[in-house]
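Sharing a structure, written as C-alpha cells. Questions coming.
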Amino acid sequence: MDSKEKYFSNISNRERAIFEGAISMGALFHQFVGTPFNKKTIPSLEKAMEESFTLQPCIDKVEVSIDLDRLDKAMTEFEYTSLSGDMIDVKIYSKVEDVLAVIRIKFIEELNYPLMFVEEIIE
Amino acid sequence: MDSKEKYFSNISNRERAIFEGAISMGALFHQFVGTPFNKKTIPSLEKAMEESFTLQPCIDKVEVSIDLDRLDKAMTEFEYTSLSGDMIDVKIYSKVEDVLAVIRIKFIEELNYPLMFVEEIIE
Amino acid sequence: MDSKEKYFSNISNRERAIFEGAISMGALFHQFVGTPFNKKTIPSLEKAMEESFTLQPCIDKVEVSIDLDRLDKAMTEFEYTSLSGDMIDVKIYSKVEDVLAVIRIKFIEELNYPLMFVEEIIE
Amino acid sequence: MDSKEKYFSNISNRERAIFEGAISMGALFHQFVGTPFNKKTIPSLEKAMEESFTLQPCIDKVEVSIDLDRLDKAMTEFEYTSLSGDMIDVKIYSKVEDVLAVIRIKFIEELNYPLMFVEEIIE
C-alpha cells in the first residue's frame, strides 16, 4: 500500500490537488518572506522559489512574479529591501491524476491582504 | 459582495476547509522551523505557534506538540537545538460554515518525512 | 580545550560579545519576520522571540517591543497582519566574561530601514 | 553626517566588519533553513543564498556549499528534503574600509552544532 492509499484515501483527487497546492503556497510565503533582494537579484530569488517548491508532493509548476512598483516603494538607503507578502504574485499548479488545480496568491488592495485562493481547477 | 463570494465561490465549504487548513499547516512549518529551543522554552514556542496561526482565515484551533525524544537526539553542546520538521506533531482545525477539517503533520518513519494529511473531516 | 579556546582565540572578549549579539539579531529578524499576529497575540509572540534567542551562545537577555502604530497601518481585513522588520524594536544583551554588548534593531525613518547597530558596550 | 558616522562611530572598522558579517550569517541561516531542495536544485538554492545576502551592508561576497552526504542521509520518500543547519558550510566576507573579515558556519561533530565563528581577519 503506498502513501497515497494509506493517507489520502479519505479525500478525492480534486480535494488533494487543492490540499497540496495550498500547503506549498503557505509554505513558500513563510519560507521566503524576509529575504533581502533588489532588482538585480530578482531572477535568482524567483528561480529558487520556483525550483524549491516544485519539489513538493504533486506540485507540477510554480510561477513567481515580483511587483516592481512595490519593490520601489520599499527601497531603502542600502539599495535593497526585504521581500514581503504584498510584493509577490505566485501561481502554483498541483496535479493529482487527471485534476489540475491552480492556486494563487495576489495582493488585493481592498483587503490590504495578500490573498491565497483557488484560481482554477481543470478536471 | 464579500471576499468569500468573490474569491471562493468556485469551491465547496468542504474544499475551502481543506484549503485553509493546508495553507496554515504549510505556513506554520516554514515559519517556525529553525527556531532555537530546548525543554524549558517549549511552552512559549508552542503557544506562539498556536496563537499566531489561529489568526489565519477559517482557523479554529491549532494544537502543537513537540517530540521530546527527537529533541534529545538533536541536543547540542550549547543546550539548545533548532526546531526541525521531524520534531513536530500539529493539528490544525479549520472551519467553514458547518464543515470542520482536521489537518495534521506527523513524522512518518517509513517515509522519513513529516507528512501533512487530512486527518478527519466532520460535516 | 573548550570551544572558546579552539574557535574564538583570534578575537577579544569585546569582539566576541559584538559577534554573538549580531548573529542573534540577524537570526531573530529572519526567523520571525512573516509571523501572523495582532494586538492580542503580541505577548506570546514577544515571549517566544525573547526566550528562543536567549538560548544562543553568550546571550544574556533579549527585549522585544512591537510598534503598535505600524501594526495598525498594516492591519488587514482579516484582523491580523504579518510581522515585518519596520515594526520591531529589539535589544539583545550579549555577555562575554566582563564585557556586555547591547545590540539593537530599530526602524530609522530617514534610511527607510530597520538598522542593526551596537547601542552600547560596557566593559 | 552619514549613517556610518551616526550609528557606528562607537566601534572600530575591525569590529564593524565582524558585526556586519555576523548579522548576515545569523540571518542567512534562519532565512533559508527549512527550504525544500535536492541535488538538482542545489545550484539555484546556493545562488539565491549568495546573491541575497551579498546585498546586506558591508558584505563583499558569500560562498555557500551544501554537504551532499548529509543531504543523502536526510533524503525522504518524496525525493527532496528540508535544508538544515548541519548541511551548510558558508563563508561570508565582510569589508569595512581596509579590514576584511571572513565569517564562517560549519557543522562541528564534537559539538553536534553548526558553529558560527570568525575564520580570519585581514587588516
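For clarity, chains are labelled A, B, C and D in written order, and residue numbers in each chain start from 1.
Note that contacts are C-beta pairs under 8 Å (C-beta built on N, C-alpha and C of every residue); 3 or more make two chains touch, one makes a residue touch a chain.
What you see is a predicted model; the values in this text were computed from it and never measured.
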item	value
If a chain touches chain A and chain D alike, it appears here	B, C
Identity of the chain that, by mean CA position, is farthest from chain D	B
Whole-Å gap separating chain A and chain B, where each centre is the average of the chain's CA atoms	18
Inter-chain centre distance, chain B versus chain C - centres from mean C-alpha coordinates, in Å	25
Chain A-chain C separation of Cα centroids, rounded to whole Å	28
Set of chain B residues in contact with two or more other chains	3, 27, 29-31, 34, 77-78, 111
Graph class of chain-chain contacts, one of line, ring, star, complete, other	complete
Residues of chain A touching chain C in the complex	29-30, 33-34, 74-78, 82, 84-85, 110-113
Interfacial residue positions of chain C with respect to chain B in the complex	3, 27, 31, 34-38, 40-41, 44-45, 47-49, 51-53, 55-57, 77-80
Residues of chain B that touch chain A when the two form their complex	3, 7-8, 10-11, 14-15, 18-20, 22-31, 108, 111, 115-118, 120-121
